[in-house]
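Below is one structure, written out as structure tokens, with a few remarks after it.
A, B, C and D label the chains in the order they appear, each numbered from 1.
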Amino acid sequence: MINWEIVVQNFPFLVVGILMAIGVYTVTMKRNLIKIVIGVEIIESAVNLFLITLGYVEGAYAPIYTMAPKAAENNMVLPTPQALTLTAIVIGLAVTALMLALAINIYRHYGSLDVRVARRLRE
Amino acid sequence: MRKGVAITIFFVFLALMCYLALQLHPFGEPPNKDMDQYFIDHAQEEVSANNVVTSIVFDYRGFDTLGEATVLFTAVAGTVAVLRSFRFKDKLAVKKLILMDKDMSVIVRTISNILAPIILTFGLYIILHGHLTPGGGFQGGAVIATGIALLIVANAPSKVKRMISKDLLNAAESLGALGFLGMAFLGLFSATFFFNAIANSGFLFGDKTPLGINYGNLNTGGTLPYMNIFVGIKVLAGLGAIVLVLYLLAKGGEEE
Amino acid sequence: MMDISQHYPALIIAIPLFAAFLCPLFKERIKALATLAILALLATLIFVVLLAGQVYTSVAPITYTYGSSSPGLTLPSGYHVPVRIIFEIDGLSILMALITVILALVGAIYAYSSIKDESGKGKFFALLLLLTVGALGMVLTGDIFNLFVFLEISSIAGAALVAYYNYRGEANEAAFKYITVSSVGGVLVLFAIGILYSEYDLLNIAALGNAISTTGLSTLDLFALALFVGAFAMKAGTFPMHMWLPDAYGEAPAAVNPPLIASTQASLYALLRVTYIMYGGAVFNYTTLGWVLIVLGVFSMIFGVLMALKQNDIKRFIGYTAVSQVGYMLVPFGVGLSTIGDDVAFGTYGITALQAGLFHMINDAIYMGMLFMVVGCVYHATGKRNMEELGGLARNMPLTAIFFMIGGAAVSGVPPFNGFASKIMIYESIYNFHPLLSIIAIVVSIITLGAYVKAFQGIFLGPKLKEFENVEEAPTSMLVSIAVLAALVIVFGLMPSLVVKTIIAPAANALVNPYGYYAGVLGGV
Amino acid sequence: MISWDFALIQIILGVLMILSAAIAVKLRDLLAAVIAMAGFSLLLSLEFYVLQAPDVAMAEAAIGAGLVTAIYALAIKYTRRMEVEE
């Protein structure tokens, strides 16, 4: 049977899963180029959230020693996922900017943002 | 039909993801902390920085950050290359881009003129204190770039063109990237690429940091503050260039 | 004092990166830009060759630990897991690095003439170098997150270059497709990295492999493996996510095609690294995974060549045959993986299949790069890319015609070119595994030959068209770069056993020895 | 042994994030969708802060909610504001 306590405890992981599903749905099923970019951004954000949730330690403090509360000594959340997520956020920004630039150019050439109109490269 | 397929895909994927979420370790109780415990225990002593995340970003995994800076550089170069002005070769359904050459209202401009210096100061603070408090080159650079974006969007394109030079931003971006690479090379001469050669050396930013919880000494961190500054320049110039190119696009792309 | 010979791995990345950061400062000065790019890539090539010397004489992989007090110090003193980013270079990495740098160099030489009349040259050379850096980083790194970062560098640079002819609507469309597929693929890789991280708190490939092999395969590991295989297969252009590949290859400037192929093959390399090395130590049913690769490969082969027959656009035609060639690599890799648990079968034909696949990977990169550049010459000279509008060019462009003939013969596996050398190895080894696979491969090769003969006839033979009367042979720099690859095609075809022995066998041996890899990096943990 | 008040914060933030993402996907007005995405980024940034990651929260707020929104808004200004089926 489903253990509801685990469901509540792992709710952040469930949020990640649902956001991933929404993003994948948007990328595969939407026909507007800007919506596709939004879908990619949602998937990226979901994975960023996933990394941060992996690093969280119950009741721990941010991994910064400057003026931290006394209890923070030897009780910090895992720092590596935070470093990785910083990288991933910047990569996400880079991808978004380039995709939007391409979308603008496609609109200039085809007069539409619909993937079915903007499709000269058929099989 | 299409709708049905979409909904099926969505729910299959959703079920898979939920199954995965319940398979993972209980939230908040990571099963294994080998690598991270090392960072928490040794960052102050080895890197002389209070912010463990920043010491991972610029020291332990500094090479990733070079990659990250490179991704941003690539995106800026790519966006500028993709949006450079061109003549249409085919005239099937050509759309002209239109953006009115008008300032925003006086209120918006006044507010942005007041906000911009505040944002700039805040960004500089974040960049300089990256090794002590939350923040660093990327965050600070992005904050400053937001201020630049505000100034750009509030003014008419023709005015912006005179105000901010694209070449200057490009040069600043290259300079920041080269400076960052140079700091990494500094380590090559003493030990390895990305070795923190300045930490605990007594040079500027080379003091030892007190171990454990402390009030923070700005003069610590070794190469970290230098890298933060270079990355900050790079990020603000690169992001500023993206917004600028997008904003001035209508001027360049119209020739036919 | 500083001993430069220790630092080759860092320099291989740093030099082209340095040149790439400088490029935008030169703006439109083509001579300066091309010189800078070519010099940087030449220096990189020299360092790769020097590093290769070290790799082939050392038993363990060469390691380079970024930021530690000594390059060989993979574990911090007194600690049991690696915490820093480590470059781990074995026979396979160095093989891929060599081919990547050669292809990038050839592309840069070709670009000198072919990009002359375009604007944005500074950005073009910067992106070309960055694409190379991305592919190089992917093949050299021993850190799974670092691999993701370089994957993203190469896909963003690749997408921007595909859209370099931004006055063509199709180019923008192809680039959008490419960046969508590769960014979703990249994010899936990151997701898989997160899953592995949650279990083992490690990011180093050797340490992860060691951990997986000691604790045994869990459900989460399998989930991550599925994500890795899916994402890397998607980025390598296999069926059913192949549709971006002919578009992107077809729309990219010809000078970009060789490094773009190298970056695609870097994804294939990542697939091998993950399946053979990272999961190679864990005992599980390899046969299933092997068959997944085989089925994907067979479908890519057949689909690619059938679609190629329908194409009129010369570059897209070659793009579809490239999809078909990806199948020729996946099938032997799958065969090798299926037999890895069975010592007898692996000894008799599994290792040959693996070698054949690796050899074909190199050969494919060479002749595909060459073919794209040859049709790039045709497009450069005539401004046309539709086969029906072309014809009778052989008299005006004799060298281009000869190069096209060599390339086409190599793709279709005609002796004495390199394609034949690797394909015959593939046929033999996979025949032992399953005769049907071999028959499919041979039939697809014959269809490919037919398609290339038809294409050759359409472009170069037939009556001389009036509009092409004043067409001239392509500029020297373009011909020189094609000639370099043509020479490699012939050399590899004439002495395959020497090539297999010197560079392919070490790569295959590195792949089938995951425990040696873990011990070499972690120091016998 | 989970702390229920912390779980409650997680559930509220999570549900809000899912809602804003779903709204961003559903809205036909692209500019409104982008505003919804900016809200999503802000919520995500708040969640990062709650999970003790202030560095990442700052980056997400500056990049996700600030710059990316500006880039989207400019792109939409040049193209078409409504998502239309053609």
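The working rule: contacts are C-beta pairs under 8 Å (C-beta built on N, C-alpha and C of every residue); 3 or more make two chains touch, one makes a residue touch a chain.
Owing to the predicted nature of the structure, the values given are computational and were not obtained by experimental measurement.
A.B. asks: Looking at chain pairs B-D and B-C, which one is connected by more C-beta pairs in contact?
C.D. replies: B-C
A.B. asks: Using Cα averages as centroids, what's the distance between chain B and chain D in whole Å?
C.D. replies: Centres of chain B and chain D (C-alpha means) sit 19 Å apart.
A.B. asks: Which whole number of Å gives the spacing of the CA centres of chain A and chain C?
C.D. replies: That gives a centre separation of 28 Å.
A.B. asks: Suppose each chain is reduced to the average of its Cα coordinates; what separation in Å results between chain C and chain D?
C.D. replies: Computed from C-alpha means, the inter-chain centre distance equals 37 Å.
A.B. asks: Tell me, which residues of chain D touch at least two other chains?
C.D. replies: 2, 53-55, 59, 63, 67, 71, 75, 78, in rising order.
A.B. asks: If you look at chain B, which of its residues touch at least two other chains?
C.D. replies: 20, 24, 28, 30, 33, 35-36, 39, 51, 53, 61, 64, 67-68, 71, 74-75, 78-79, 82-83, 88, 90, 92, 97, 134, 138, 239, 242, 246, 249
A.B. asks: Please set out, as single numbers or ranges, the residues of chain A touching at least two other chains.
C.D. replies: Chain A, residues with two or more chain partners: 9, 11-12, 14, 18, 20, 24-25, 53-56, 58-59, 62-64, 76, 78, 80-82, 84, 86-87, 90-91, 93-95, 97-98, 100-105, 107, 109-110, 112.
A.B. asks: For this entry, which pairs of chains touch?
C.D. replies: A-B, A-C, A-D, B-C, B-D
A.B. asks: For a test of understanding, state which residues of chain B touch chain C in their complex under the given definition.
C.D. replies: So the residues of chain B touching chain C come out as 20, 23-25, 30-36, 38-39, 42, 59-64, 66-68, 70-71, 73-75, 77-90, 92, 170-171, 173-174, 177-178, 181, 184-185, 187-196.
A.B. asks: In their complex, what parts of chain C are in touch with chain B?
C.D. replies: 2, 7, 10, 14, 17-18, 20-22, 24-25, 64-71, 76, 79-85, 119-120, 123-124, 126-127, 130, 133, 137, 143, 145-146, 149-150, 152-153, 156-157, 159-161, 163-164, 166-169, 172, 175, 195, 198-203, 219-220, 223
A.B. asks: Flag every residue of chain D that touches chain A in the complex, lowest number first.
C.D. replies: It is residues 2-3, 7, 10-11, 14, 17-18, 21-22, 24-25, 30, 33-34, 37, 40-41, 44, 47-48, 51-56, 59-60, 63-64, 67-68, 71-72, 75-76, 78-80, 83-86 of chain D that touch chain A.
A.B. asks: Once bound in the complex, which stretches of chain A touch chain D?
C.D. replies: 5, 8-9, 11-12, 14-15, 18-19, 22-23, 25-26, 30-32, 34-35, 37-39, 41-42, 45, 48-49, 52-53, 55-56, 58-64, 76-77, 81-82, 85-86, 89-90, 93, 96-97, 100-101, 103-104, 107, 112-114, 116-117
A.B. asks: In the complex, go through chain B and note every residue touching chain A.
C.D. replies: Residues of chain B touching chain A: 2, 6, 9-10, 13-14, 17-18, 20-22, 24, 26-30, 33, 35-36, 39-40, 43-44, 50-53, 56-57, 61, 64-65, 67-68, 71-72, 74-76, 78-79, 82-83, 88, 90, 92-95, 97, 132-134, 138, 212-216, 239, 242, 246, 249, 253.
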